[in-house]
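Below you'll find a set of structures to go through.
Shared chain: subunit A. Partners: subunit B in the first complex, subunit C in the second.
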Partner chain A sequence: MIQFLQANMGTILSLLGAALAVGLAGAGSARGVGVAGEAAAGVVAEDPGKFGKVMVLQLLPGTQGIYGLIIGFITLSQTGILGGAADLSIAKGLVYLCACLPIAIAGYFSAIAQGKASAASIGVVAKKPDQFGKAMIFPIMVETYAILALLVSILAISGAANVAF
Partner chain B sequence: MDKEFLNDELLDNALLPDELFTSQVAQIRAKENTLLSDQALTQLMQCQTYEECIQFLLDRGWGPAGGNTPEELLRTEKDKVWELMHQLCSDKEMHMFDIFRFSKDYHNLKAAIKESYMQKEVPNIYMDGGTIPIETIRKAAADGDFSPLPVQMMKAAEEAREILFHTGDSQTCDVIIDRAALLAMNQAGKATGNQLLSDYAELKCVAANINIAIRACKANKSIDFLQHAFAECDSISVQKLMAATRNGLDSIYEYLEQTSYADAIDAIKESPAAFDRWCDNRMMKLIKPQKYNAFTISPLAAYVLAKENEIKSVRIILSGKVNQLPDEKVKERLRDSYV
Partner chain C sequence: MAVLAMKRITICGLKADSKPILERIQRAGVIEIQDFVEEDDVFKKVRMPISASEFERNIHDAENALEVLNTYKEEKSGMLSSFKGRAVIEEEEYDTFYKELAGTKKTISRILELSKDVAEKNAEILKSQQQLEMLVPWESFDVPLDLSGTEKTGIFIGSLPGEWTLDSIYEAMAEHLPVDITIISHDKNQTCLMLICQIEKKEAVNAALRGLGFSYPAYSTKYTPEESKERLLKQIDVLKEEIEKCEEEIKSYDDQRPKIKFLADYQAIRAEKYSVANNLPQSEHAFILSGYVPEIYVKEVEEAIEPYTATLELEDVTEDEDAPVVLKNNGFSSAVQGVVESYALPDKGEIDPSFLISLFYFVFFGFMLADAAIGLLIFLGAFVLLVSNKNMEKGLRNNVKLFMFGGISAMFFGVLFGSYFGDVITSVSSNFFGKPIVVKPLWLDMTANPMTVLTLALIMGLIHIFTGMAAAAYQFLKKKDIMSFIFDVLVWYVILIGLIIKCLSMQMIMDILAGGSAPVFSAQVGNYGLYAAGVGCLVVIFMGGRSSKNWGKRLLKGVYAVYGITGYLSDLLSYSRLLALGLATGVISSVANMIGTMFGSGFVGVIVFILVFIIINAINIGINTLGAYVHTNRLQYVEFFGRFYEGGGRPFQPYSVKTKYYKFKEN
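Right, the complex of A and B next:
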């Protein structure tokens, strides 16, 4: 067992990074979309004509899950896990794990926060449908931080491929 | 405040877990579009006849169409609010709204005690919509055994019944029960752990105390009566208000000037109706921030109060039309709307 871990620790760490990126960002999105979905359902119960508008707002917190998936996919691809030829040092595996953390952490928390902002914006659309454009801006502001985290994760993974350990 | 005034059932059900009420609040946001704005109330007032008023309300989704008397129409709207709340909230969550219904229970208690004292049935004196079945209260009053009622209600009922049956003093009987109702509401408001409900109960208590002070001062009531009548609350000192009441109206105004209710003075000086209007407008001011709150049960509670306020305004307008009052007189009595 110890020998197995010593031989594959690098790969395990990079896989853990990919799992966290997809898992945490996805869990955050699920919660965010869930909260926004509750609000959307509440509005549609009273006014089904607003379905289109509230659905767009509900979907906004779903992007973090996609960002996590992108990072997870790139990590699996770069480390060779997808091709079945992964052979990483512990240090390199750790680098990949660290590279995945920004989107995992920021993705999780920003998706939940965005879900709440979307729910509040759905309330705006319920009362003033003509203010849909403005209402969308508030949850989109939260997206900024998920995009920054995605950017850093992509840069870190790209850089990790060129680092010699 | 005495702990025994706490409604045990409400305390058990209070402090709900961190419920966001996201879906319910969104549904209420959509419902708020149907509330009558100040502009809509002005339009209603401008209707030439009573029939036009009814048609205006029907067009705005009020009541079922056809054969509506004003009372039916207003009652239907009240019922609709509670039906909606029952749809949106679980039974446990509905207990949060009990403080809106306590006054009906205590009104029924007064009616039942007086009915048993007079030993004859009086029609249409009970109010539906309380937290305790009317029959339970009636039976308790008839038997003289108030143990089936909540503790705080039981103690007040026993005291009030004894006074009424021994002295025939129905005013003191009313005062004891009214005070118990205020204390129960105030305590229950705090027990909910919800700031809006707590502030609502506090405001109701303060308004009642000011009302008592003004009336008692004009009627030159004894200190003993005042001690029975005033209900303790946090934002005004009952002791100071009592002392001011003994010293006259100007002392009451002087004391209120030092509190956050100084703006009530002008309304009190104007007329009792103006003070009632001040109370309702102050309530609207209290709940208006809930229009921007996307979570918690508070926007639901605010909607219930907003709808009650709207029904009150419509009642004033319809009464004005039926009694052919000038629009200016009706407008003076209209409350601020929530939307």
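Right, the complex of A and C next:
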């Protein structure tokens, strides 16, 4: 057991990073989309014609999960886990784990916050459907921070490939 | 191009001509009616005899009739029917429909009557069915349920709550013997029975039974249950037949739909006309119509009133008056007009930002998608929609055009960064044909050189922000607000450009943004840049709070204004989303390619690949197109409009032909 861990620690750490990126960001998105979905369903119950608009708003907190997937996927393919030839030093595994953290953490919390903002914006659309353009901006403001986290994760991972350990 | 210049217009005409004049102006649809002329002793508003509620009722009836027709025979509508727009009605068709208006009205009331009949008959069937159910416990009984006695006996037919045995009932009735009791049926809830007693004990028995909770059958007739059941069944059959007849008749009106729609539209037009006519100041022989008209449409109004005795007067709109706003742009910029309108129309003194936005919109949109194949699909989809739906409504047409241009731009960036459904060409050729074909990007691979692409994204952002500042400068100059022009825009240009020069002279910044190439400027030039920025900041400290008289307050406000530099920085960093979202599209497609090629190159492999490819890419296109759209909007609304545009103009609401189903062609 200990031998196995010693031999594969790097791979395990990077896999943990990918798991956190996909898992946490996805969990956040699920909660965010869920909160927004409850509000959206309420609006559609009153006025089915607003389905298109509220669905767009409900979808907005779903992007964090996709950002997480992107990071998870890049990690898996760069570390060779997908290709089946993973051999990483512990240090390099740690680097990949750390690179995954921004989107994991910011993805989780921003998706939930964005879900709440989306639900509120859905309320705007329910009362004033012509203010859709403005209502859409509030959740998008929250998303900025997930995008910044995604960016740093991407830069860190693509940088990690060039670092020699 | 711009915000259309508005004029006040006043038309004075003979009352006898008021009807055709109003009709022609309505058809031109270029005047927003406003009461500029006050009522006085001579000119008064006259209420028309026909009230608006009558039109409303007619429209309502027509819509209800259409709904009834829909419940029996759904109108054929494809998935894309919402793009179709209103059909154009030809003059011939108009004339025939117009002649048949009275008949159509009758058809509508007939349809509504029939649907009411159907509802009533259905209710009757329901009632009969309930009565049938009530008869179930009495089915085996062959005496009419309303029998109450003979010459010598009193008869009680009914039910007691709960389950009784013959013995227990006799026991309860012991006082009133002799009685004859027959239990007809029983279950947990009730016991149905017939009780015969002597006529002189009828009252006492009645009281005793009531004490036990006796009740007569809810449905009792002079027929035996058997007969009643037959009669009810027959009645239901008759009703069903009648309903079928009604429904057949309703279905036979299916081809009347166009006429009914025409009637609804016609009534809507008349409703609008009468609401305007009701508010026109009129004298004994003349009427006055006043409102706003965009200057370029004045000619159309002149043509409309030309055949009649009427005069037209134009006045300039004053500075402080709340004139409505209408935008007009060329074919390219009008695609983003909807984006501007959904934010806010320009307020007084503001420019129409549509043209400026259209310069950047598609670049950002394409950058965020950055996939040639997906771009091509979006372009083709939008193009086909535009070509196949000639009557598409204007607003929708502009939005579809927006995606069409966006698709073209995405193709361009896809070729630039070498992304065609991610790496589909490479992975398919190496998996299925054993020979990898690599399509080289025109410029560079985004995934391999993210920092270079990030630099490009930030440069684009800088140009965007600078353009926004230039627009602010233009607006200040137009208002002749030289102070604001110098201290709110020009000084900031100096500060920002100074800082950029300083940054470009630092090796550290070059290492990050330009892959370690040598600084653009020498250290000395960099320092000059820094000095310029410093002087700019000093100017802002002294002048940024110039609206305050108190110098202490003014300096504090100035210091706070300098703090605004962080706003520029965060705005600039916001453009990094161009890179992040651009990467996302290609990477998700590549995920599809990788998963799809995991199952080898055999028959199963091909099937799996096609399935995975279609599903993941469909989701990819949906989510990333939405993402590109909303984030491009955000960059315009927050980063760009934040520099110069507030909006708040009142939309132009012309007196016009507002129809739901048909477009009426100009004669």
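Everything that follows uses one rule, which is that the second predicted complex is superposed on the first by the 165 of 165 C-alpha atoms of A that agree within 3 Å, B and C clash if a C-alpha of one lies under 4 Å from a C-alpha of the other, contacts with A are read in each partner's own complex, and residues count from 1 in each chain.
Just so we're on the same page, contacts are C-beta pairs under 8 Å (C-beta built on N, C-alpha and C of every residue); 3 or more make two chains touch, one makes a residue touch a chain.
Just so it is clear, the structure is predicted and the values come from calculations on it, not from any experiment.
Q: Once the two structures are overlaid on subunit A, check if subunit B and subunit C clash or fit side by side.
A: Once subunit A is superposed (C-alpha atoms), there is room for both subunit B and subunit C without a clash.
Q: May I ask you to name which of subunit B and subunit C touches more residues of subunit A?
A: The partner making contact with more of subunit A's residues is C.
Q: Counting only touches as set out at the top, which of subunit B and subunit C does A:Ser158 meet: first, second, both, neither?
A: A:Ser158: touches subunit C, not subunit B.
Q: Output check: A:Gly123 vs subunit B and subunit C. Expected answer is one of first, second, both, neither. What do you get?
A: After superposing on A, A:Gly123 lies in contact with subunit B but is clear of subunit C.
Q: Vertex at subunit A, arms to subunit B and subunit C: angle between C-alpha centres to the nearest 10°?
A: One gets 50 degrees for this angle.
Q: Would you check which partner chain A:Tyr67 touches, where first means subunit B only, second means subunit C only, and both and neither mean what they say?
A: second
Q: Output check: A:Ala106 vs subunit B and subunit C. Expected answer is one of first, second, both, neither. What do you get?
A: The answer is neither, since A:Ala106 touches no partner chain.
Q: With both complexes overlaid on chain A, what's the closest CA-to-CA approach of subunit B to subunit C, in Å?
A: Nearest C-alpha atoms of the two chains are 10 Å apart.
Q: Residues of subunit A that sit at the subunit B interface in one complex and at the subunit C interface in the other, please.
A: none
Q: Within the complex, which stretch of subunit C touches subunit A?
A: The contact residues of subunit C facing subunit A are 339, 342-343, 447-448, 450-451, 454, 573-574, 576-577, 579-581, 583-584, 587-588, 590-591, 594, 623, 626-627, 630-631, 633-634, 637-638.
Q: In the complex of these two chains, what residues of subunit B are touching subunit A?
A: For subunit B paired with subunit A, touching residues are 20, 22-33, 294-295.
Q: Give the list of subunit A residues in touch with subunit C in this complex.
A: Against subunit C, subunit A makes touches at 56, 59-60, 62-63, 66-67, 69-70, 73-74, 77, 82, 130, 132-134, 136-137, 140-141, 143-144, 147-148, 150-151, 154-155, 158.
Q: Which residues, counting only subunit A, touch subunit B once they are in their complex?
A: Against subunit B, the touching part of subunit A is residues 35, 38-43, 45-47, 50, 116, 119-120, 122-123, 126-127.
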